[in-house]
Each structure stands twice: as C-alpha cells, then as structure tokens.
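Sharing a structure with you now.
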C-alpha cells in the first residue's frame, strides 16, 4: 500500500463530498511492529492487566456488561474498567447482533481506537448471524468486517461467561497473539471492501483516525 | 490715527450714491459695498497697530467743538478691536451673501452697508443719543437684511425682530432723555464723572438705558425673537447678527458700565448667567443646526456680558479693567470667529440640504471651529476660560463657577454631537462638497488658531515643547496626501525628537512615564503602517496625542499641565471619532473627558500655585475625581469600552496601553506634590482602594461576557487600571512600587494583545470571536504573542505578571487590607476566564473554511510584538531589570518595604525569586517534554474533523467550534453583577438634563406677541429686582 | 408728601406721554393683528416723543429762536437766553420722530408683504419656528 | 385668560418703572448748564437765529446725518420689499381703485403748487423760523401724496425720486466734508460765511444743508408712499 | 547555596520519585477503599501503575497540533512544579525541594499554570466537549479560589508570614499549635475549597464521565493520557502536602507526612461518595456563599 519511496499512498475518501475531504486525515492505517521480546512480554502483561472497555453497547449483550461493575461480579478486580471514548479504550465488546447502521458506527469507533486493540464478540449473532441469520440488514459474521480476538458463545452469555472470556483474552494478549490492529492494517482493502459492500451511505473517510 | 469721521463720510457717501452706481451694474455696486467694508477693516487694523505699539486712545469731535456741546467719537483699544471684528465678520459674511445680494433688489446691499456702519458707529461714539441713532441705523439695516432675499420664514422672524427692536428703542429713548434731564449732559464720560445719576430717579433712568441694551443682547426669557432670526435668516446674516452685532452691543454695554451702580451690575451678571445656562440647556435639545447655533451664540453673549459685569462688580480678577478685557475680550473674539465660521458652514450645508459626510477641508474647519467654540486649547477661548475659572475660584464664587463649567459641558455636548453627525454623515449619502463657500469658515478657523497660538505663546505658555503636539498635527495634516509609511516614520521621529529634547528636563519619575507614553505612541505609529494607503487623518492625530502625553510630563505650572491635558483629550477624541463606528462613542468620550477636565480645572484653579499640581484639601479632591473620570474608574467608565472598541485598531491600542497611563501619572504627580499623601487624608486612600478594586472586578466581570474582541480588551484594560489604582491607593513604598510595576507591565502586554488583535481583525475582517477559530496554524507568531500576553496578564508564575500579583498581595496584606486581598484574588481569577476565552475562540478550536487563506499579520505588527515578547521574557527572567529602577524611583519617600537579596526579592511577609522560579519551571518543563517525546510512538497528525464525535462525523466547522456565549453558566451565576447600572444612571442623568431643556423650550412658542410680552415682563421683573437689590 | 404736593410736582406733558407709552405697549401686547401692532408701536413712539419734549418744557418761556418776540436787540444774548426754553430735547425729539417714522414704515411694509404672501394678518399664523 | 393677566402685569410693571421718572421729574425751573451754553453760544458761533436748528444741523449734525441715513435705509428696505414681483402681483392688472371724488381732484390742482411752495419756504428759512428740512420735506411729500390720491393709477417716476435722494444725500455729505476742510471739523457750518443773523443768507452752510435735507426727505417719503400703494414695478 | 546545585537536583528527583509513588498508591488505595465501601473486592492498589504503563505502551497515537502535544507537558510540569515549590518535610534537606524560589503566593498561582496548559491543549484538540469542560472547570476554579484565598490570608495574618517553612515552623509542638486548632474556620473553608480543587463528586461536573466524556482530556490518548494520569497523582500529592503544611502542622518525617496526607485525602473522598453532582452555576453560588462567609469569619478571627 505504500508507493515507491515508502510514504503511504493517501486514501481516496470518495465517500466524502469534495469540499469536505480537506477536513479529514487521509493517511492509511499502518502495521506497528511489536518491540523486543522481553519488553513486549512485559507490556503485554500490563495490557492484559488493564483492559479498558469502550462503552459502546450494541445488541442485547451490552446489558451483560453492567453486572460486571456490580459487587457480585466486580470486573475491577481484573483491572477492567469502562471508558467513554474509543481513544482511551483498548477492548471493544460487540454485544450481540449488529445492524448495518450499527456496523458503520462500529467501524468508525474501532478505527478511532489506539493500538493494540482487541475485540470480544458476544453471542451467536456475531458468529453466524444467530437468530437473525436471514435478516436483510444484520451482519452475519462480524469478523469479515473487523478482526475479532475472542468469541463468547451463548444467546447472551452470562456475566460469569464474560469473565471467563476476558480471562481467555488476557491469556491471548499475554501470549502476544492479539494482533488484531496489524491484521486489520494488513488486509485493509479486504475489510474495507466488505464494509463498503454492506454500508451504502458511506459519507465518512475511508479510515477514521 | 485715521479719523473715523472720514470712514463714516465714505460709507454714507457710498450708500447715498449706491442707487446711481447700481444703474452702471450691480456687480460694481457690490464691489463698492465690499470696498467700504474693507476700508473699515483697514482703518481698524491701523488703529490696532498704533495702539498696540504704545499709542494712546484719541478722541474726535464733530462740528469743530469739544465734548459737552458736540458729539465725540473715541478710538481706544476696545473700540479698534471692535471695529476690526465687525468689519472682518462683515467681509466674511459678505462673501457668502454676494450671490443672493446680486439677485435681490438693491435694498439688500444698502441694508448690509448701513448695518455694518451702524455697528461701527455704536462702538465708536461716546454720546448717548448718538449711540441711540447708531443703534437704530444698525437695527433698520438688520430689518432690511433679514427680509432682503425674500425667504418667507425670514420675513416672519423679521417682523418679530422688529417688535422687540421697537420696544428696546423706546426704553432707550426714555432712559436717554432722563439721563440728560438729571446729569445735564449727553456725553458718557461727563455723565459718568458726575454724581447726579446716583439718586433714585438717576438709578431708574440708567436702568432704562441698561434694560434697552440688555433686551438688545437677547437675555434668556426674552430672546425668542432673536433665535428665530438666527434660524431663518441667510447664514451670512446670522453670522453678522451673532458675530458683529453682538460685539457692538457688548461694547456698548461695556461703555455704559461706569454709569451702572452695583445693583445694575448684579442684574447684568445674573441675567447673563441665566441666559448662558438656559441657552445651553435648550440648545442641547435642538436638532436643527442653525437654531442650535442661535441658542449657543445667545448663551455665549450672555456669558461675556456676565463676565464684564462681574469684573466690574466684585473686582473679579486682579484689577477689573484689564482682566475683563482679557477674559471677556478673549471669549468674545472666540465666540465671534467661531460663530461666524459655524453659521456660514452650517448654513451652506442646510442650503444644499446635504446629509452626507463633509469634505476633508471643510470638516477640518468645522472641527477647529467647534473645538474653539467649546474652549479647547489652543484657541483664545481656552486661555480666557482658564483665567475666568481661576478668578472665580479666587473670589470663591463657586456656584457661578459651576454654572460656567456646566454650561460649557452642555455646549460641548451638542456642538460635538453636530460635528459627529457632519463627520460621519448619514449612511449612503454622498460626501458634501461646499467648494468656495467653505473659504469663509476655513479663514475663520485659521484666524482662531493664529489668535489662540499667539495669545498662548506670548502669554502663559511660552514653552515651545508644549506646542509640539499642535505643530506636529498641523505639519502632518498638510502632508496628509503623502503615503502612510512616510507619515508613520515622521511621527515616530517626532516622538523620538520630543523625548530627546525633553529628557534632561524630566526627573527620574517623569522619565519612567516618558518611556511608556512616548514609547507607546511611537510603537503604535509603527503599527499604523500595517495597512497601505495614506490613512488620512490617523498619523497627525496619533502624533499629536503622543506629543501631548509628552507635554503633560514636561508641563510645570498648573496651566501648562492643563493645556497639555486638554490637548491630549482633544487629540484622542478625534482619534476615536475617526473610527468606523466612532460617532456615538466619541461623543461620550469627549463629554466625559471634558467633564473630568473641567473638574480638574476647577481643582487646579482653586489649589495653590507652586509648581506642578499642588492642590491640598478639597480642591485636591476635585483634581482627584477629575483624574479618576479620565482613568475610567467604575461608575464613570461608560465612555471607555465604546471608545476603545470603535476606534481604529492602532488607536485603540494606543489609547489603552499608553494614554491610560496619563491619569496614573497625574495621580502620582498630585500625590508627590502633596508630599506623598492624598488630599483629604487617610479615608481617601481607603476609598480609592475600594474604587480601584471595584473597577478591577467590574472590568473583569464585564469582559467575560463580551463577544467582540476589542470590547473584551477594553474592559480588560479597565480592570488592569483598577489594579493600578488599588496599588497606588496603598500610599506606601510597596504600594507605589506595585503600581508602577503593574503600569509598565500592563503597557507591555496590553500593547502585545492589541497588536496581535489588530493583525487578526485585519486578516479575518471581523471582530466577533465566535466567527474565528483555529488561527494558530496560520498566525503562529500572533498566537505566541497572545499566549505570552495572557500568561503575563493573568499572573501565572514564570512570567513577570506574577511579580505584579506577588507585589500586590504583599502590599495589601502588609497594609492590613485583608478583604481587598480576597476580592483582588477573585478578580484576578475571573481575569483568567476571559483571557482563556480570548485565545481559545481565536487561535484554537475548529478553523473556519472561509478563513482558510488567512496569512500571518503584516510585518509592521509582528515586529513590535517580537520586540515586546523579548522585553517581557527578559523582565520575567531578571525581575531586577524592572524593579531596581522602580525601587530607586519610589526611593526614600516611604520606609523601605522591599529589599533585594541577590535575585530574591524579600518583603516583610515572604520572598520571591523570579530567576529561580523561571529556572525551575523551565527545568521541569524540559523534563516533562523529554519524557513525552521519549514515549511518543508513531504519532499521526490528523485534521480538524478526526475527533470522537459519538461515533458520528462532525457536520460543519462553524457548529463544532464552541465559542458563542462561552461562559453561559457563569452568567447564570454572577450575571446580576454586570447589569449595566452605570450606563443606566448616566442615561437617566442625560434625559433629566434634556427634560429641563425641554421645559425651558416651551417658552419659545413662536408667537411674536408672546415674545414681546416676554420682553416687557423681563424689563418689569428686572426693575422689581432693581428695587430689591 | 401730601397728595396736593405730589400732584403739583407732576409734569403734565410727561404724564400724558407716559400714559401714551403704556397704551402703545398694551396695544402691541394685546392686539394680534399685524397692522394694529405696527400702529401701537408708533403710538408708543409718539408717547416717548412726548416724554422727551416734557423734559424741555419750562413755564413762562418761549421757543429758542432769536427773533423779535424774544429780544429787542440781537446784542444782549444773556437776556434772550433767560427767556428761552431748553432747545436740546426739541433737537433730540426731531431725530426720534423721524426714526420712529422710518421704523413704522418698514414695519408696515413687512406687514403688507406678509399678508400678500397669504399668511393672513394675525401674528398667531406666523409661529412656525418654535422651541 | 392667563395671557390677559400677564399683559396687564407687564404694563403695570412698566408703569411702575416709569413712575419715578415721568412723575418725579416735575417741571424744570431753568434749563441746564448745557442748554444755557447752547442758548448763549449758538447765535454767536453760527449766526443762526433758530437755536434748535443750530443744534440739529451743526452741534449734533452727526445725529442728523445718521437720521437721514436711517430714513434712506428705510426707503431702500420698503422699496426692496414691496416690488410687484415680491407681492406676487406679477403682471396682473391691479384691481381698479375707486376713482377720486371730484372735490379731491380739484383741490389737488389748487393746493399742490401751494404746498410745494410752502414746503420749500419752510426748509429755506430753517435757520430763521421754526421748522426746517424734515418739516419742509414732509409738506412736499403731502403735496405729492395728494397727487397720488387724486389719480390712484398714476406713478411717481421712480428714477427722478432716486436721483434726487442720492444727489441731495451725497451733497449733504459733501457739505460735511467741506466743513472739515474749510472749517474746524466735519459738518461744521462755518465753512461758508456766517453773514448777519436774521437775514436769509446767514449761519454758514446751515440753510444749504437743511434745504438738501428737505429735498431728500420729500423724495424719500413720497417714494415710501408710492411703494406702499403696492403696485410699483 | 550550602548544598551544590547538582545535589539539590538529585534530592529534588528523589523527592519527586517518592511523591509520585505515594500519589499513585494513594489513588489505588482510595479506589480500593471506595470499592470496599460498595462491597466490591476492588482493583489492586497498584492498578494505577499498570494503567500508566499500558497507556505509555500504546503503539500509536494521534495529535491535533503542537499545542495539543504540549498540553500534557504543561499539565505535568504544572503538577511537578507545584510540588517543587513546596517544602514537603520540615527540616529535612532532602525534601526541601526548590521552595526557596517563592512563597505561598507562588504555589497558589502555579496551580493555574497546569490548568492553563491543559486548557490550551484541550482547545487545540478541537472537540466542543473539551471546550465545554474547560469553561466549566475555569468557572468553578474562580469560585472555589475565594474560600481558599480567604483561608490563606487568615493563615498569613495569624503567622504574619507567607513563607511555608515559617508557617510550618510556627505550628510545631503538638496538636494545639496546628492551624486546625488555632483557627478551625480557616481549615473548614480550605477543605471545602479542596473538594472543588480535586473535582470530587459534588463538583465533578467538569469531567462528568457520561455527559461530556471526561471533559477536557476527551481527545487525549496513549502516552499523553499516561502523562495526565501521572500528573493526577503528583498534583494530588502536592496539594495534600500543601494542605498538611498550612493547616495540619507539616511533617518532620516521611511517615507522618504519609499518614497526615492520607487522612486529608480520606476526608475528601469520604465526602465525595455521598453527594450528587452540582451544576456549574450551583457550585459557583455554593462556593461564594457559606464557604466564603466562613473564610471571612476566619480572617476576622485571625485579624483580631
């Protein structure tokens, strides 16, 4: 994706009207190589211990997140806390079915998160469309549009399942295999093509910095 | 000495032969008429030359006989001056009358000739009955003149004029015959010498003479007929009426003064003052210029009569005779020329029924004439008014002083309102070209300026340095066509030259202020080069104002000080008037400026005379209040925001950073001349402290809610002045050091702010903050300068602003003013609000697409800002650079409160080491910067719309830039503090005065008979009063 | 000062002159008609002229003209002077009368001009310039 | 109503002011010092029998010059105001005034010559008999007035009147200057020989001045009367 | 300077290291205590360390311009600078920091330095929420500064000095010499002001988490956010030390400093749990009402 001199080719952003292209950054996403092994292990350990969830509830899964804040399940023990903006959060929990309209917002929020970022998808709707398998406006497989790290099955998994899912996510991060951001950057065209095929009124830049 | 009788023969011969000459051609007849007037002028000037070079007055008998038997004419200094004035006004008016004289029947030219000859006769004759004959000749001439060009309104007012004239002449006749009956002579000098007129019958006889003359002089209740004539007649004739005939009648009154007893004199004085006050009050309510000028001339004539009477009555001034000549003469000359010019000008404009802006030349003339009329320097009216006020103060006639000053302030209000209208003109009207008709007013203006300058230089203000502002203004006005940069350099050179010339004459204290005042002027003259083009009128006024500030420093005697002070007020008023929306603010600026100046004048006049402005006791309080009005303390600050906001960007910068220091300097000078104390004892300093504090808090609170940048900065400087006043009020070494430190600091960062804002406004074209945004990328230097300025202004530590705050709080706590400290702290926190708002809504936030191609401010603005930034940084790092000279200045007047140990300044309470603070802050900042850069991984700079907008994309930059009503919650909480109480008070005051004018106005019902009734009632009341006094 | 003594000191001509002046002034103030005002003014001036003459009236003396009535021979000037009244008021009144005439003439012509211009002859209708 | 009270108060106030003067002054027993000086010196100085004329024309001649100027200005003013154009008559035929009665017409024929001769007599003998230039002028004016009344549509020739006025006025000023060069001061009648008191040719230039004044006043007054008729072109 | 410039810098760095760790642990423990109040296990006490490391370890970040990057630098410099100007422990050379460069006024005004920087950075971000947050923050700041200023004046009158070391010296010798004993009203006013300063619950409108996502720092992320979190710890530490020195008799050694500051902060958090959030104008009216009267009363008491 980069031209001869190694400088990334700016994105076309056709979705935007001509006058507004100057208002958005048109740089494409890049892969960020992990640091040296020892440092990266330590950082991965820190990342796993401080998972900040983006407060973006889609579908029926979001309600499962709320109990985690209560005394009974208490996700704070594991260093997990909710954050209001994608800029400051590292985990994106997709709680259930995602309509096309929601997908547009999911993509925008996912792209505005800072790497390394992880996605946890709840429920069967994110895996194969679930009970909306034949609906015209839901997303059947979420990972065709954004890279997913952990799926938590169940038609809405209980909070305990969520905690188990997060433990699994911690393990993956510590193992250094949660490189969703680089994977998204590598197959950017593919992901973007899938997204554009579904989202009709794009009216936003190709990559939302 | 030319014998006046030849002149009378010449005039009468010409008059009688005019019908024959007219047959040869009207043009030749008019040349003859103007020739005769010119002959009178030449004769008058020759008499003046002879008398001024030491000749004595000469008497000329008629029919070969001496005084008692025949009629005698006398040519003294007063008479020579009178004849010259009459002839001059006649000539000026004749030019404007020529065209209509040519069309009208010959009667008009005849009447003009007769009127002028009659007036000259009134001035010259010493015989009472002959005076009556000449009164009638001039009256008949005036009746003829009023109706000569067949204007229907003029005919109406002519008839009214005649009724009153007939009554006056009958009174006079009765008076004359009984004076003859009792004093057995018709000659003035013999009648005055004898004692026959002192009995009851004699007093009554003289009363009739006086009553007739007073009615002719158009006293208050009985002058309806006169004002109608002024309004409706041809402007040339109004000029003759208000100029020439007023002069003649006043000289006639002057002549019969010896006959008058004390009762008569007090009648004249009372009636004159009442006319002055009422004339101005009603004048303020007029919207038709000619009628307004009519009321103004009636008022001025009343004042001159009153002064003459008072001079003779109470021995006002040192000797009565020459004092009256100087003051009454000065006021009369001023009134004469100014009124003639204004009538001709206003009349020409009314005739064309033009409503646009005046052409530059006639506008300049109108400006000079109205300034002279009001008594601004350097015109003769100024010197006369100063001596008058001083004499009144000496003899303790305070209520008369109040009337005189109040009346002149009212007059200033409506004259400058008219000038403002003419300077701006209604929207969309083409500029008014007067062509040749503006020759008369321009000539009158030049004469006024020359007379004033001559009177000033030969009289009380010989020091040429004080005349530098006017010289600079004149020269630069002449060069107004040349390109802007040349004039800018000239004015900077002038300021530098003035500084060099005056430097050694100034003591350390004045040198400190000279740096700010002259430096500020030069700085903003350079800044004025930001725009190309000649920028007509800006440089002369800016240079004049700068040098006037310098003159204030150089002045030694109270009069010199006041002269420079009023020059500064006038020059800065014109600067404000020059601004685009400057008409209304300029009016309030000049009215408050003059109000303050008059208080100052009264205080100076009443105070002692040894050098500077020594004024202890309550005159000192007057001076203090006058200075506070000029500084813009809360309550009298209403003029400040409008003037700073509406004037050009450079001039508002100059007004706010340099000119606002003049009242501060004057306060210091006042305190120094009283031995480092305030007049009125300790409670004054506490009250001044609270007033300063209120101004600081008020200024800050008002500034928070403004949408217009320049209004925000205006209120901000109001606030900073409040701090300086608070510190000054502490009246100890700490307080004064703080005050001077704050003043210099305020000069630095306020100049930076105004320069930057000027650049921003020039580039974006708007003054509203919410219409800007994100200019940091396009105007980085301006951003940096504004950033440093707001850090300094809000007192955030590393920069020198904190030094000011530290000094202030150490002073206040040291002084025991604890509550003031808390409120000062709150005010400075509030200041932080509007400063942040200023930099946020202009430079940060969302840039607007329409301002995409904005470039950095012009070099003329950026360069001074860089210099100021360097100075500010230097002073912040090494506070001793600024504090050592100030501590030396304040020196030994008070017990030492601050002392320097190396770089640390120690006070009784605590210490502050500017250099160490800067080092520590810098070090810590560097540490954090390194830490940030080290951890910065793959930063991606993004554009303005790459923000987290609740998973949506922002729509338009205008709607995403949060700037409009930035502190709305603050308004909900503390909005009640900033309801415009001061403005409402002054508006109520204005309408109150206007309603009094309105009530008095009802007297002039327009019915000629009512006016006659007023005349007779006036005479009857005067007679009753005579009985009482 | 008894009434009798007061009456004896009245100068009859001056008194009648004063009355005429008052009538004239009353005429000017009370009658709105332009012409009547002009006439009232001339009445007032006549009154004034009478007052002027009154100061020159000396009982038992004749006009100041040197002719047979006054002095037998033209030589003894002092004797003639003793028999003549005061000439000065008479000279002054001459001028006053002519001036009064001139003013009245001009006033009447203004009145005619105003009425001709269609404003009617009452002064109330000529009050446009006011306040 | 209020107006009536105010008028009464004003007149009463004026009366109160006039009281001490008009009543208090009483009847003078003897003329003052100035009057006595005039009475004794006038015949000697100017050889004029009529002392009033001596005062009017010589001692206070400047007043009279002024007064003539006043009359002249008034005539000019009236002339300027009442032109046919100004009165808006335009060229419309003035409405026919009633023809003069037969008595008036015949009396005019008889009296005009007499009046003019009488007027001339008055101002020629100004320095001898009572009366003088002004009185003579008025008599002449009445003669011309009679002419106007008899034939309303007739006009006095404006040109001649103006010429007479101007020339006599200029001559008067000339006589004044003559006095200045030949005698001791402006308007001093002694420029011409004084002659014997009582005879027609006596008292220097007083009779000349007075006759000039007579002519001037006669012309001016008739000019005013003609203008007041209202149909002057 | 009796100790060399380099050694002083060394001491300052050590002192900074101590206060940073203490600050972080304080926040961690307070969070754990409030969790215990809510019956939760709560996050580990060293959680703030982890959060900072995670933020700093972020692989990429975005920037809106120079001022945006400098915002956190100003903020952190403000926090560290404030601490540097306060003598943390009375009598110890180690903890004297650079308090000889200015007295109490310098510290009070240096607080603005951090806030100004943060405000500028937030505005450069271009986000309307950050501007609204700054506007609220500044409005509240002007209000709570008044009671704080009044209590500072009261202290200055009582001890007739503004030099912090001298104030602490005057309070040595047992509880009864502390300001809290000699002039309790001043302390009450100061503590209420401290609530406003630390933006705890009744006055947390500025960074209201759900209404305008955490106010000014909306656009900040990765290492910039890390710096802000570090500053939050240091700045709290500095203010606590300041309050301890002014009102609670200062500290002669580290232990007493830790204990006293912990208890002061505890009051603050304790109040924070029990109140809903004030609107901006309500909080302004509140601060200018009773606390100011208390402050004035304290000044009067001190002045007599």
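Lettered A, B, C, D and E in written order, each chain numbered from 1.
FYI, a residue touches a chain if its C-beta (ideal position, glycine included) is under 8 Å from a C-beta of that chain, and two chains touch if they have at least 3 such contacts.
Just so it is clear, the model here is predicted, and its values are computed rather than measured.
> Chains shared as neighbours by chain B and chain D?
Where chain B and chain D share a partner, that partner set is C.
> By the touch criterion stated at the start, how many steps lie between chain A and chain B on the shortest route?
1
> Would you pick out the chains that touch chain D and also touch chain E?
Common contact partners of chain D and chain E, which must touch each of the two, are B.
> Applying the contact rule given earlier, which two chains have the most C-beta pairs between them?
The chain pair sharing the largest number of C-beta contacts is B-E.
> Name the chain whose C-alpha centroid is farthest from the C-alpha centroid of chain A.
The chain lying farthest from chain A is D.
> Closest chain to the overall C-alpha centroid, by per-chain C-alpha centroid: which is it?
Per-chain C-alpha centroids compared to the overall one single out B.
> Quick one: report the Å distance separating chain B from chain C, using the average Cα coordinate of each chain.
From the centre of chain B to the centre of chain C is 52 Å.
> For chain A versus chain C, what separation do you get between their C-alpha means, in angstrom?
118
> Taking each chain's centre as the mean position of its Cα atoms, how many Å separate chain A from chain D?
Once rounded, the distance between the two centres reads 121 Å.
> Whole-Å distance, chain C centre to chain D centre, using C-alpha means?
Whole-Å distance between the two chain centres: 16.
> Mark out which residues of chain A touch at least two other chains, giving numbers and ranges.
Touching at least two other chains: 30, 32, 85, 87, 209.
> Using the touch definition from the top, which residues of chain D touch two or more other chains?
7, 10-11, 14, 18, 21, 24-25, 28, 32, 34-35, 38, 60, 63, 66-67, 70, 73-74, 77, 81, 86
> For chain E, what residues touch not just one other chain but two or more?
Within chain E, residues 58-62, 213, 218-219, 222 contact more than one other chain.
> Can you name every pair of chains that touch?
A-B, A-E, B-C, B-D, B-E, C-D
> In the complex of these two chains, what residues of chain B are touching chain A?
Answer in residue numbers: 849, 937-938, 940-946, 948, 951-954, 957.
> Given the complex with chain B, which residues does chain E contribute to the contact?
Against chain B, chain E makes touches at 9, 56, 58-67, 69-70, 72-74, 76-77, 80-81, 84-85, 98, 100-106, 109-110, 112-113, 116, 119-120, 123-128, 131-132, 134-136, 138-139, 141-143, 145-146, 149-150, 153, 156-157, 160-163, 213, 218-219, 222-224, 226-227, 279-281, 284-285, 288, 295-296, 299, 303.
> Note which residues of chain C are touching chain B in the complex, please.
That would be residues 21, 24-25, 28-29, 32, 34, 37, 41, 44-45, 47-48, 51-52, 55, 88-89, 92, 95-96, 99, 102-103, 106-107, 110-111, 113-114, 117, 119, 123-124, 126-131 of chain C.
> Could you please specify the touching residues of chain A with respect to chain E in the complex?
Per the touch definition, chain A meets chain E at residues 30, 32, 34, 43, 46-47, 49-50, 52, 70-71, 74, 76-77, 79, 81, 84-85, 87-88, 90, 114-116, 181, 209.
> What part of chain A is in contact with chain B in the complex they form?
Residue positions touching the partner: 19-20, 22-25, 27, 30, 32, 56, 85-87, 105, 108-109, 112, 203-205, 208-209.
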